Structure formats: C-alpha cells, structure tokens
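What follows is a set of structures to go through.
The two complexes that follow have subunit A in common; it is paired with subunit B in the first and with subunit C in the second.
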Partner chain A sequence: MSREDRLGWGLVAPALLWTAAFFVLPFLAMLALSFAHMEGREVVHGFSFGNYVKAFGDWSQLKALVNSIEITLTVTVLSVLLAWPLAATIAWSVPPRWQRAALLAAILPFWTSYVVRSYSWALVLGKTGVLNRGFGLIGLGPYEMASTRFATVIGFTHFFVMLLTLTIYANLVQLSPNYLRAAQDLGASRLRAFVHVILPLTLPGIVTGAFVTFTLCIGDYITPQILGGNNELTLPQLIMLQMGRGGNFPMASALSVILMAVVTLAYAACARWLRLDRL
Partner chain B sequence: MKRLSFLYLALAYAFIFLPVAVLVVFSFQDGRLPVPPFQGVTLKWYEKVLSDEGLMTALGHSALVAFGSSGVALALGFLAAHGLARVALPGSLLMRGLLIAPMTVSYLIIGLGLLTVFNQAGIKPSLVATGIGHVVINLPLCFAICFAAMGDHQKSAERAARDLGASEVQVLWHISAPMLAPALAAAFFLSVTFSWDEFIIAFLLTRFEVTLPVEIWSMLRSGLSPATNAIGSLVFLVSALVVIVLETLMRRKA
Partner chain C sequence: MTRRFSTNLTALALVLASPALAEDQLNALVWCDHTDPALLEPFEKANNVKVNVKEYEGTAAGMAILDQSAPGDWDVMVVDSVDVARVAAAGRLAPIPAEALPTADFFPELVMAAQNVIDGKTYAVTEKYGYNTISFDKTKVDPADMEDMAALTSGKYDGKIGIYDYYLPVLGLVGLGQGVATADLNAGALAGLKEPLMALRKASRQVSDVVSSQTALATGEVDIVVGGGEWLTAVLAADNPNLDWTIPKQGGLRWSQSIGVVEGAANPDLALKFVQYIVSPEGQAALAQSSCYWGMPANMKAGDLLSAEAKATLRWDQQPDYLARAQLYPIPDAATDTAMQDLWTEMLNQ
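And then the complex of A and B:
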C-alpha cells in the first residue's frame, strides 16, 4: 500500500467505522431480532418468520401498514400539487430582487420545532380552534377536524409543501426561458409547451422532493400521534406501541424491517429520476 | 393570469403561516386555554416558561447535544470527504454509498436499532447515546456537503502547499478547511438545527436527562396550555433569527 493510499484510508476510516458501528451493526442486530419471538416478557432468539407472518396475516397489524401507505401517498401527491404552483409563482411572477425573500418566507415555519408545529395544527383544527370559530361566524360547523386522518394529512402537507417548494424552485430557476420560447416559436400552445417541455424538465426536482417526502412521512411518529387521534394507527405508531406496551422488541424490529423495505421499493420505483446529490 | 398567481401566492402563505400565527398570538393569551376568544395580552406564560427549571435544563441539554454531535459529524464528514476526493481508493463508490445510506432510513429505525444494540451491550440511555444517534443522522449530510464543495481549484492549492513541504495536517488545517469554510459552516449549522429539533431518537435514547423536544412532548401530554405556545414561539423566534442572520451574511458575501 502506498503512502497515498494509507493516508486516504486513514482519513475515511473514522467515518466508516462510525457508520459501521452505529448504523450497520444496529440494523443487523434489528434484523436478527426480527426473527426472534417473545415468551412471556422474555425475548427468545431463534429463526422464525412468525413476526412477519403476523405482520401481514393479522389485519390489526397489516392495517397500520395500509394506513401509512394511504396517508403517505395522499400527502405526497397533495404536497406536489400545492408546491409546484407556489414554486412557479415565486420563480416566474415575483420580481427577481424579491425572490429570495419570498422563498425564505415560504419556508420560515420550517424552523419551528417539529413537535410544536403539530401541536399548533391541533390548536387550529380543534373543536374550539380558530378555524371552527371562523366557520361559526358564517353559520357552519363546528367540525371535528383534530384527531382525524384529515388532521394528520394537513399537518404533514404543511411541512412538505415547504420542503417541495424549495426543491422545485431550485429546479425551476435553472430552466432557461429559452426552452419555452423555442417551443412556442415552433407553434406549441402554452399548455402543450408546459406539458411537453417544462414539466419533463422539472421532473427530477419533483421526484427527488417527492421521494424525500415519502421517506420522511412514512417513518414519522409525532404528527399522527399528535394529530391523528386514537381511531387508527400508522406503522411507526404501531412500532412504538409494540415496543412500549409489551416490550415486544422482536415484533417492533420486524415492523421496522418492513418499513425499510417499503422505502426501498419507493426508491427503486423512482431511482431513474432521483438526484439526491442535488438536494 | 398574473392576478391569479398572486392570489394563489397569498393563499399559500396563509396556509403556511396559519399555525405559526396561532401559536404566537395565543402565547400572549391572558387565560388558561390557547384557543379563541382572545382574552387580552399577558407575558406571564413567557415568565412561567423561562423560570421553569425542567424546560431550561432540557434547553441546555439540547444545545449540548446539538453542538457536540454536529462537531463530531462535521469532523468525521470533512475528513472522509477529503480522503475520498483526494485519493482514488478501491471501492470508493461503495464507501460513498455507505456514508450516505443513513439519509434514506427513517430516524425511528435508526433510534430503534441503536436502542437494541445499546440494550444488549448494557449501555444505559443518556445524552451521550442520543448524541451518538445524532452523529449518525448528520454525518451523511456533512459528508455530502463537504464532498460536493471540493473542487479542482482547491486541489491545486493543496498540491502547491504539499510541494512546498506542508505536512498533511498543515494542509488540512491551513488550506482545505479555510477554503471550504462556507461549506463547513453551512453543514455545521444545518446539523445543529436537525439535532436541535430531533425528537424520536432523543425520546428513545434518553431517560432522566431529556432534550427540549422530549420535554415539550411531555408538556403536551398534560393538555393544551399557553405555556406550550410560549416555549414554541421562543424556539421559533431563535431559529428564525439564526436563519435570517445566516441569509443576510451569505447575501453580503455574494
């Protein structure tokens, strides 16, 4: 090994060791634990697929996965649909010298504490909250909006609209207006130019943002816990419940492995367009 | 068309700022509940929060964990980025992939994995355990930012220093780090904000000494109170100021 190589390894080694010890090893331990089972309150190590069979065979467990996927897909689609026009308006309609300020303002609530942000939505959506007061003034409601899936979706969407606005905006400002002009010179209508030129060019930004949204959303415990009420559980809530109430680490591990598998599938589905390095 | 897009802009901002506005307004509520009607302005909830020992201790813990873990993450990430950018090692693509990998795994799983291993090794939940977890989530970020910032311009400066007899440590300290200062600062502060606000890993890996998000979480469980609004508003104010100051600084430079 040359001096150069030794130096290179020496520089990379600490980070690699840290990742191996505190990321890879814990994951392997969790994977091994997911094949163990519980007898009473004791973990019995072994190799059985019992936890996985239960996770997919028992509707009370599978329902959590289904809920999580439904909520996450809804949030991802909704966030993209809301964020795209916002990013486009900032990029195209706001005068250049105000753009950074407009963008900064659009993501400022991003910096409120995550726990507090969900709590704030509970205040807004609650039965005595601001929104229901507003509805009351025009003779509507009150509606039960807090402690529902609706509240969870709103809480998530709020957070991810900010995130997506950022990634889509970054993509849009790199677009030269010449593309649109060229398409129109060649006789395309505004709509056609949009669908066939602008949209495909911003796809990497959209897909990257959507993937990050999907990953963060499906793994989040706080937002559904504060806003979702007790009627239904998401997968992270079920994981915490398994661990907390029964101390059932093997089941919690199996559910976590399933959660990771879902994210991996999502990654595979959009790998073509992903530009994680552009974040 | 123009009018329509500005209408949309206004609606979007209303949606984005609605919860923050409600949070801040009702932190001044002169009453027991942070919901309408607004009963008058008082600062007593801020007073209560600022003299709350549990919250202030948790605030200190959060700062400690945030700055400590970000420092470690930045050091590890910077060295690794330097090593991988400078020396063509076999399997460097694989190593980059491994270093970035934690970014795509949810914090819950990282926390649960660490808890499993720590349990088996007999390590008790603590602020250090939480800090270790926070380095895991911030290392990919620091590495990626540093790696992306290393350019050819910098490589030639490093080579020049080496030709003039500088040791590797001197090159790192006097050439690479100063040239990368903006990227290093960005990576550090981004890490601090992520660690500062992180809940689930801290929740799983602390017990008696908790961080601010965990303390706020336990406040929530005792019901709605303007005190929660007050601490939330304070956290928001501090973070927003940091962001605006950073933005103005970067702007002045550019």
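And then the complex of A and C:
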C-alpha cells in the first residue's frame, strides 16, 4: 500500500468507524432480532421468518405498509409540484439581494417545533378551525378535514415543500439563463424549452429533495399520529404499537427492516439522479 | 494556555460543578404527571436533592430502558399497578418496608395488595387512580344517553365519538358492554368482542392519544371520548365546564399507578423517602392535580389539602359508588396481550 493510500485510509477511517459503530452494527443487531420470536413475554433468539410472514401475510399489518407508501408518494409528488415554482420564483424573479431574505421566509416554519406545528394544523383543520370558519363566512362547510389522510398529507407537505424549495433552488441558481435563450433561439417554445432543457437540468435537485422527502416522510411517526386520528395506521405507528406495552421487539425489528428495505428501493430508483452533495 | 488562565478555568469548573456536589441526585423513571415542578420542588427543597425524571409510556418501554441502563442508574419507577408483578418478577423492583407506607390511610380498594405485594414482600405502593369510562360534552350529548354504552353504537352519535388509543381499557370497556368482566377477558372471550369493537370504530371519528383526545373534545371535533374519564377532562375543566364524564350502567374501568424502588438503586434510602413523599398527603395532593393529567390520590388524607373545586372535579364524594362499580384493568397473559394487540391493529386498519 502506497503512502498516499495509507493516508487516504487514515482520513476515511474515523468516518468508517463511526458508520460501523452507529449504523452497521445496530442494523445487524436489529436484523438478527427480526428473526427472533416471542415466547410469553420473553424474546427467544433464533432464525424464523415468522415476523415477516405476519407482516406480509396479515392484511391488517400489510395495510400499514401500503398506507405509508401511498401517503409518502402523494406527499412527495405534491411537494415537488409546489416547491419547483416557489424555488423558480425565488431564483429567477426575486432580485439577487432579496433572495436570501426570500429563502429565509420560505424556511421560517422550520424554526417552530415539529410537534407544535402538527398540533397547530390539527387546530386549523378542525371542525371549528380557521379554515372551516372561513368556509362558513362564504356559506360553505363545515368540512371534516381533521383526523383524515388529507390532514396528514397537508401537515407533511407544508414541511417538505420548504425542504424541496432549498434543494431545487440550489440547482436553479446554477443554471445559466443562456440555456433557455439558446433553446429559444433554436426555435423551441417556452414550454418545449422548459420540458426539454430546464426540467432535465434541475432533475438532480428535484430527485435529491424528493428522496430526502420520501425517506423522512415514510419514517415519520408524529404527523400521522397527531393529524391522521389513527383512522389508518402507517408503518411507524405499527412499529410503535409493538413496542408500547407488549414489548414485541422482534416484530418491531422486522417491520423496521421492511421500512429500511423500502427506503433502499427508493434510493435505487433515484440513484441515477441523486446529488446528495446538493443538500 | 497560561497558568493564570488555567487556574481560572479550574475555578470556573468547580463553581459550575458545585451544585451537583452539594446536592444528592435521585433518578426517577416516571409517567408525565411526575414531571410537574409543583410536585417535585417541595421534595427537592426539603431534602436538598435534585430529582432527575425521565418519562416513559408502556411497561415494556420502561423495562427496555432499565435493560439498557447500568445498575444504580435509576432509583424509583412508576409502573402500571397491574404490571407490578411482571416488573418485580423480572428483578427490577426492590422490596420496600410495608410499615414505612401509610396504606392504612388509603381507600381500601387502592391498597391493592394482590398487585403490589408478592410472596409477602411489598414491591410497590399505589399512588394514583382514576377511571376509563366515557367523557363527553354535556351541551352536545344527552347525559342520560351516556349511562348506557349501547347509545354509543345506536347511530345517534356516529362520527362524534373519539376512542382513547390504548387497547387495554377500551377492550375492557367493550367487554363490560358485552357482560364480560375484565378478570374473564382472555383470548377466547376476545372473539366475542370483535363485532362490538368494530361497530364502535365505525361510529367513531378518531382513535387518539391523550393530548389529541383532549384537543378533539375541547375543540368540538368529537363530543364523546370512549376510554376517557377525569384524567382527560379535569385539566380542561376550568376553560370547558361543559365537559363531563360518567360511569355507565355496565360499569367502567379503574386505572391505577404504583411507585416502587428500583433494584440496585444507588441511593435506596433517598428513593424510599421519595416514595414516602409521593404517598404522603402533600405529595398526593400535588400528584392528583398534576399539570399533565389529574387523578384521584390513593391516600384519603390528601382530601384535607384539596380545594372544594378540585374535589368536585375529581368526584371525591362519589368515590365509594364509583369504586364499587368500576373493575380493575384486565391483566392479560402474554398470549391474550398479543391477541388483544392484533385485534386492536385490525380495528385501526379496518
């Protein structure tokens, strides 16, 4: 091994050790636990697929995974659709000296507690909340919005639009306006130039933000717990249900491994465009 | 670094460390009602001690915390009374001298020797109790209807019901509605509860935790909370006098929590002192009115320190009748517990 190689390994070693100690080893422990089972209230270590069979074979368990994926995909798509125009407006329409202030305003809600924000949405969307009162003034409603999937999606989207705005903005400000001018000089309409030139060039920012959104959203327990009214379970809620009084850690581990597998699949699907250095 | 700067740093470190050196520390694994400064401060001042609290929910979660801790990390633990035997059997609770506890002053039903005493040794003492029954807004619901659980699934209150998100009390209540005593609630009896549970779910608007249930009731999102009780409505009583609770004719469930000294506690004498404070009239009065949730004190002498309003909110005078009509939480074996949890999951995802 050359001196340069040794130096490289030496520099990388702390990060590798950190990852091994705080990610790889805990994950292996969780994976091993997922094959254990409960006898009474005792965890019996062994190698059984029983937890996975139950997770995929029992519809009430599998539905939690389906719910999680449906909600996460909805939130991710909605967040991208809302964040892109917001980021574009900040990058292209706001004078450069005001862009920092505009970005700051966009991420202001990050400064409040996540839990407080979720409870605030529950109050806004409630039967006597701000929205329904507003609808009442124009003779509409009241609508049942709280304790629904709609409320969960709203709470998530509010949070992740801010995150996606940052990643897409970071991508957009690096784009030279000459790309758009060149496309239009060559006869492309504004729509065609957007679809074939601008959008592909901002894809890394979109996909990076979308992947982070997907990962954080599918693993979140707080928002569906507060805003969803437990009218449908998501996977993190099902995991928590195993932990509370019953202490079924093997089942909770199996469900967590499944959650990680879904995130890994999402990563594989996005890997081509992912630019995590943009975060 | 100059010598003078180094000396100053050392002095600063000593000053910063001095409170810790002057005070004893007591580490308590508790439920949220024990985090109220109004409860802890009198004990801290009287004993020149700092009480460090960590909240947990669910006995398994509490035991997992103990499993991951070193001996001596924890001094006292609050535990669901029906789980004292389970925690003691796991070697997590130390025996405490029964004669050091004022159980003679307790409501007789709350001594709970069957739960707190194992093989003649006392492992915990009951500190607080209340009921899982039906909370409601009396301006939106006919209080007479709430005296019969059948009204919940009659169609009259469809979409106006919230269910407290804890399977033990709610399944216990559904069982009572079907004439199944909590002591008889086993895996076999559960089959008969599926249909009424699903009917209740169909009539309900949401299944939610403590704070969400309180919010929903206070904001009118729901008018009834099944599984509620004084612990749900008492903290809201000042701002929402319309909120009420009752025990229907089929009965209600009695929840109770106990406190014990953790096996291997670093300071067992101080730990016992804290337990004694919690079950003293002063500690009981503060605990009963904790900002997290209210509940009846196990020690009757706390009544002397509670205001008339507080006693009215807690229904102090009705306790003999309520205690007679309420049954203890189900104490499921592991198989029944798993079956209950599966039924609950099915209900949530129906």
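Methods note: the second predicted complex is superposed on the first by the 258 of 279 C-alpha atoms of A that agree within 3 Å, B and C clash if a C-alpha of one lies under 4 Å from a C-alpha of the other, contacts with A are read in each partner's own complex, and residues count from 1 in each chain.
Heads up, the rule we're going with is that contacts are C-beta pairs under 8 Å (C-beta built on N, C-alpha and C of every residue); 3 or more make two chains touch, one makes a residue touch a chain.
Only a predicted model underlies this, so the values are computations on that prediction, with no experimental measurement involved.
Colleague: Overlay done on subunit A, so just call it for subunit B and subunit C: clash or fit.
Modeller: Verdict on subunit A: clash between subunit B and subunit C.
Colleague: So in the superposed three-chain picture, is A:Met243 touching just subunit B, just subunit C, both, or none of them (first/second/both/neither)?
Modeller: So A:Met243 meets both subunit B and subunit C here.
Colleague: For A:Val53 in the superposed arrangement: first (subunit B), second (subunit C), both or neither?
Modeller: After superposition on chain A, A:Val53 lies in contact with neither partner.
Colleague: Considering only the touch criterion stated at the top, classify A:Glu232 as touching first (subunit B), second (subunit C), both, or neither.
Modeller: The second partner, subunit C, only.
Colleague: Have a look at where A:Gln61 lands relative to subunit B and subunit C in the superposition and call it first, second, both or neither.
Modeller: In the superposition, A:Gln61 touches subunit C alone.
Colleague: Applying the touch criterion given at the start, work out whether A:Ala261 contacts subunit B, subunit C, both or neither, answering first, second, both or neither.
Modeller: After superposing on A, A:Ala261 lies clear of both subunit B and subunit C.
Colleague: Now for A:Leu82: first (subunit B), second (subunit C), both, or neither, which partner does it touch?
Modeller: Only subunit B; A:Leu82 stays clear of subunit C.
Colleague: Applying the document's definition of touch, where does A:Ser147 land relative to subunit B and subunit C: first, second, both, or neither?
Modeller: second
Colleague: By residue count, which of the two partners contacts subunit A more extensively, subunit B or subunit C?
Modeller: B
Colleague: Is A:Ile222 in contact with subunit B, with subunit C, with both, or with neither (first, second, both, neither)?
Modeller: A:Ile222 contacts subunit B only, not subunit C.
Colleague: Applying the touch criterion given at the start, work out whether A:Trp9 contacts subunit B, subunit C, both or neither, answering first, second, both or neither.
Modeller: first
Colleague: What part of subunit A is shared between its subunit B contacts and its subunit C contacts?
Modeller: Comparing the two interfaces on subunit A, one with subunit B and one with subunit C, the shared residues are 119, 122-123, 126, 128-129, 226, 243, 249.
Colleague: Which of the residues in subunit A come into contact with subunit C in the complex?
Modeller: Spelled out, the residues of subunit A in touch with subunit C are 38, 40-41, 58-61, 63-64, 67, 119, 122-123, 126-129, 144, 146-147, 225-226, 229-233, 238, 241-249.
Colleague: For subunit B, which residues are in contact with subunit A within the complex?
Modeller: 2, 5-6, 8-9, 12-13, 15-20, 22-23, 26, 33-37, 75-77, 79-80, 82-84, 86-87, 89, 95, 98-110, 112-114, 116-117, 119-120, 132-133, 135-136, 139, 143-144, 148, 168, 193, 197, 199-200, 212-213, 216-217, 220, 224, 228-229, 231-232, 235-236, 239-240, 242-244, 247, 251
Colleague: Hey, which residues of subunit A end up touching subunit B in the complex?
Modeller: Listed in rising order, the residues are 4-5, 7-12, 14-16, 18-19, 22-27, 29-30, 33, 82, 85-86, 88-90, 92-94, 100, 102, 104-106, 108-109, 111-117, 119-124, 126, 128-130, 133, 158, 161-162, 215-216, 218-222, 226, 236, 239-240, 243, 249, 252-253, 256, 259-260, 263, 267, 276-277.
Colleague: Quick one: which bits of subunit C touch subunit A in the complex? Just the residue numbers, please.
Modeller: Checking each residue of subunit C against subunit A gives 57-61, 63-64, 86, 159, 165, 168, 205-209, 211-212, 215-216, 219-221, 333-335, 337-338, 341-342, 344-346, 348-350.
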